[in-house]
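One chain, chain A, links the two complexes that follow: it is found with chain B in the first and with chain C in the second.
So, the complex of A and B:
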C-alpha cells in the first residue's frame, strides 16, 4: 500500500477542480503548456498573470498551496539545463567571473533569457502538477482517448499503471527478504564483498524481470479467457456537458488572449 | 441449459518441453453439478482447467462445452460460456478500476452500453460488492479481490464456472464468506482445490487427479472416507 501512495500524484478531493471533467482539464493543461512555450522572453507581466492563474487554480483545488509549490520544484532540473545561456548570449556585460582559469561573462540579455526559461518551465510544471494532483489516472486515460490517443497506447498505459504497484510491492518483498537475512556476527563486518553484493542485486533484478514476464503471461491468459482477441475495445464516452464545453472554450479563449497580449507587448 | 455442459473425452496434452500433463482424461459434468478437482501439485488440474477455455489445446481427445466442440472456430463462443477464475486475483484484475474489469467480458461480447452496465451491476450484486464499482483493484484486500475476480466472469453470464484454488490465501472469515458465495451461485462449477474441508461442505462430487490421469471419481463422502486413496495421492484425510 505504501508504495502506491508515494507513486500516484493523485490527491483525492471534492473541489471544483477535481469535479471538472478530465476531458476539459487535460486539453486545457496541454494548451496552457503550449501557450507558455510560445511566450516571448522577458514579458514579466504576462508571466505574473499566468502565475496568478495557476496559483488561484491550485487554491481552488484545495490540495494545499505548500504541497503544490513543493511539487512544482520538479522544474528545477530543467532550469539547470538553461544555465549556460547566462554566459553564452552576447550583450552588455553585467559581471565577470574566473572559474578554473576560464573567464565567464554574465550578460544582460543572457540573464533575461535564463530567467524567462526558468519561469516558463516552472509555470508549465505547475500546470502539469495541478492536473496530475486532481485527476485520477483512469479519467486521464479517458480524456487522452477522447483526444484521439490510439486505443492500444491507452490500454498499455492503463496496464502499466495497474501493474506498477504490483511490481513495486514485489520488489519491496524481495528487498525485505534480503534484509531479513542480512544479519551480522558480533565483531565481524556486515555484508560480503562488493562483487558478491552486486551479484545478489543483479539476481534480484533478474528474478523481478522473470516474475514480471511470467505474470504478464498469466494476465494475457486471463484476458484471453474473457474473450480478448488482440483488438482493444472500450466503451464510448458519455457526452460532454454544455457547461464543460463552455469552460473549455473560455479557457482556450483566455489563453489565446494572453498569447496575443504578450506578442503585442513585445511589438 | 445443456444437459451436459462439460464433456471431456480421452484428453491428452503435452507441454512443448515434452512434459505430459494430461494422459487420457475423461470426465462428464451434468448441468448444475458442482465438482471438486483434487490432487497433488503437478497432477494436471490447472492444465485441465485451461483446456476448458481453449487456452491450451489438446494433442488428442476432445472437449465439448454445452455441445460445442472446443476448437479455434468456436473459441469465442466457448470463452463466453466458461467463466475461468484464476488463482491469483492480481492476474485476473488487470484494469485500472473494478468497473473496467467487470465490464471487460461484456465489452468483448459487443453488448450495448445499457446492457453492459446492467451486467456489471448484477455481477457485483451477486458477489455483494455493489459499492466497489469505482474502486481501484489494487487497494482491495485479497478476499475482496477474489470476489471481484468472480464478478468479472459472472458478468459474461457463463454456463460453467471454473475456479482454481478459490480459498487459497484467505483468512478464515474471508474463506467462510467465499464458501457461502459459491453456495449461492447456481452455475455448473468445477473447482480445483486443496481445501478438502470446503470440498466436503460444498461439493457433492469429487474427482481425484494424479500424474495427468483421473484416479477416482465419485461422491465426495465416499472419496474423502478412503484414507488409503487420499494418502496415495498427496492428500490428507480430514480428522473429524
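So, the complex of A and C:
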C-alpha cells in the first residue's frame, strides 16, 4: 500500500500560515473554536465575519480553497442529530408537514437554532482542518506540550504517529491477502456467512495486535540500545519571537472583540 | 480514502455540545487520563512509551479492518474492548486517548472542544464498561474457555452501546437533540454497530486465545486498583443504562436542566448590557447588519487573495531571476 503519505491531511508548504509557529497556531485554533462555541444562536453577522476569517486564513495558507471547503464539510452528516430541533422548539409556525400520520410543525426559532448549530459546527471544523493541513503532528505536539500536555502522553502520541503508517501498511497487507484469497462467482456473495466474515476480520485484528506487540518489544530493545532510560528528552525549543507573541496576542484580542460584539448584538 | 478515516457516528463534532457540557467533560476526562498515566507508570515503567505507542497505532490501523455486512455497509472495529482485554483498563484508557485525540486533531473525526466528551465516551466509559463486563463474565465462568469468548463479545457490545447512551445524553443535555429522540436513535443504531464490534472482538480474542493465551489473563489480579475500576465500570454502565431511558421518558427533566443552564448564562448577560442596547453601531436592522458584515468579510477575503497573489508573483520573479 503506497497510501501512507496520502493518509495525512498535512500539506507541506511555505505559506505564511505554514511558517507561523505551531505554538501560535494551535492556541489560536483552540481559542477560535472556543469562541465559536460561546457565540449565541442566530448572530448571523458575526458568523459571516468568522467565515471571512477562516476563508482568508485558508487563502493565506495556499492549500487550495476547494480542498479546504470539501474537507470542512466532513462533519455535516452529524447535523442529523440536531434535526429534531426544527420541530421541537416552540415558536411561530413556518410550515406544517404530516409524515406517517404525525404532524410536524416547523418553527422559526427551531430553524434559527438548527441553522446556528450547523454553521457553528462548520466554522469549528474549518479551523481544525486549517490547523491540521498546515501543522505536522510533531509540531502540534510541541505546541500542546507548551500548553501543559503531560510529557508522557505526548511521547505516546508521538510514537503512535511514527508507527501508524507502518501498521496501516500492515493492515493493508492483511486486507490484500484476504482479497487475494476470497474468490467469488459473479453475483454470488463473497466468503461465508456474516459471522464467518466477521471472524476472519477479527482474526486479522488479533494478528495485527499480536504483530504490533512483538514489534513494540523490538522497538523497546532498540530504544534501550540507544540509551533510553524511561525519560523522553527533546532539545529545548527556541523562545517565541516577539512577532509570534504579537500575532498570538492580536488574534486572541480579535476573537475577544468578536465575542464581545456577538454578546452586544444579543443584549 | 481509507475507511479508517470515515467519520463514525460516535465521534461528536464541535458545535453540537454546549460549552458547559464540553468543558465539564474535559475536566472529567483529564482526571481519568492523569490517573491512568500514574497507574501505567507503576505497572509498565519505562516500557510504557513503546508499548502504548505501538499498540495505539495498532488499534488505530485496526479500525481499517472491516467486513461487509450488507448493501455497502460494513462493520469495523472501534477497539476499546479489545485494548482493555489485552492491556488492562488503565493502559487501554491511554491507548484510546491517543487514538481518539489524534482522530480529532488530525482527521477532524470528532471535534476539538468536543474531544473531552469523546474521550469520556470512548476512552473512559468504553474501557471501564468493557473491563467490568469482561471480568464479570470470565469470573462467572471460572476461567473456562467459553467465559473468555462470551466475555469479550458481551464486553465489546456493551461498551459500544453504553458509550452511545453517554453520547446521546450529552447531546440532550446540550439542548441539541431532545432526549426522547436522541437516546432511542443512538441506542438503536449502536445496538447494531455493537454487534459488528462484538463479532470482530470475538474473532480477535479467539485468535489470541489460540496464539498467545497468556495475553488474556486479565482476570488474574492487577492489584487493588483493579477492583475499584471493576466497580466503577459497573456503576457507569448501570447509571447510564438507567438514566437514559429515564431521560428519554421524561425529556422535560433534561430540558429543565438545559433551561437552568441557559438561565445561568442569561444571568451573566448584564455584564454586556452596560452598553446601550442597539444592534450594531448606528444600524438597527439585523438584516442590514448581516449584509454589512458580509461586505466587510468579502473585502477581507479579497484583500488576502490579492495579497497572496502579489506575494506569489514576487516569489516566482525572485526564483526566475
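The definition used in the following text is that the second predicted complex is superposed on the first by the 244 of 267 C-alpha atoms of A that agree within 3 Å, B and C clash if a C-alpha of one lies under 4 Å from a C-alpha of the other, contacts with A are read in each partner's own complex, and residues count from 1 in each chain.
We take it that a contact is a pair of C-beta atoms (placed from the backbone, for glycine too) under 8 Å apart; a residue touches a chain by one contact, two chains touch by 3 or more.
Keep in mind that what you see is a predicted model, and the values were worked out from it rather than measured.
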{"item": "Of chain B and chain C, the chain that contacts the larger number of chain A residues", "value": "C"}
{"item": "Partner chain in contact with A:264 - chain B first, chain C second, else both or neither", "value": "second"}
{"item": "Which of chain B and chain C A:225 touches, first, second, both or neither", "value": "first"}
{"item": "Chain B versus chain C as contact partner of A:253, first or second or both or neither", "value": "neither"}
{"item": "First, second, both or neither for A:213, with chain B first and chain C second", "value": "second"}
{"item": "Which superposed partner A:137 touches (first chain B, second chain C, both, neither)", "value": "both"}
{"item": "Touching partner for A:158 - first (chain B), second (chain C), both, neither", "value": "both"}
{"item": "First (chain B), second (chain C), both or neither touched by A:236", "value": "first"}
{"item": "Chain A residues contacted in one complex by chain B, in the other by chain C", "value": "137, 158-159, 161-163, 166, 215, 219, 223, 228-229"}
{"item": "Complex contact set, residues of chain C against chain A", "value": "2, 4-5, 7, 9, 12-16, 18-19, 22, 33-34, 37, 41, 45-62, 64-70, 75-77, 79, 82, 86, 94, 97-99, 101-102, 104-109, 111-113, 171, 176-178, 181-182, 185, 196, 199-208, 211-212, 215, 269, 271-273, 275, 277, 279-280, 286, 289-290, 292-294, 296-298, 300-301, 303-305, 307-308, 312"}
{"item": "Contacting residues of chain B [partner chain A, same complex]", "value": "50, 53, 55, 76, 79-80, 82, 84, 86, 88, 90-97, 100, 103-105, 107-109, 113, 116, 136-139, 152-153, 156"}
{"item": "Of all residues in chain A, those that touch chain B in their complex", "value": "1, 4, 137-138, 141, 158-159, 161-163, 165-166, 215, 218-219, 221-229, 233-236"}
{"item": "Footprint of chain C on chain A - complex, ascending", "value": "3, 7-10, 15, 29-30, 33-34, 36-38, 44-46, 48-49, 51-53, 55-56, 59-60, 62, 71, 74-75, 77-78, 81-82, 84-85, 88, 117-118, 120-125, 128-129, 131-132, 137, 140, 150, 152-153, 155-164, 166-168, 170-172, 174-175, 190, 194-195, 197-213, 215-216, 219-220, 223, 228-230, 232, 260, 263-267"}
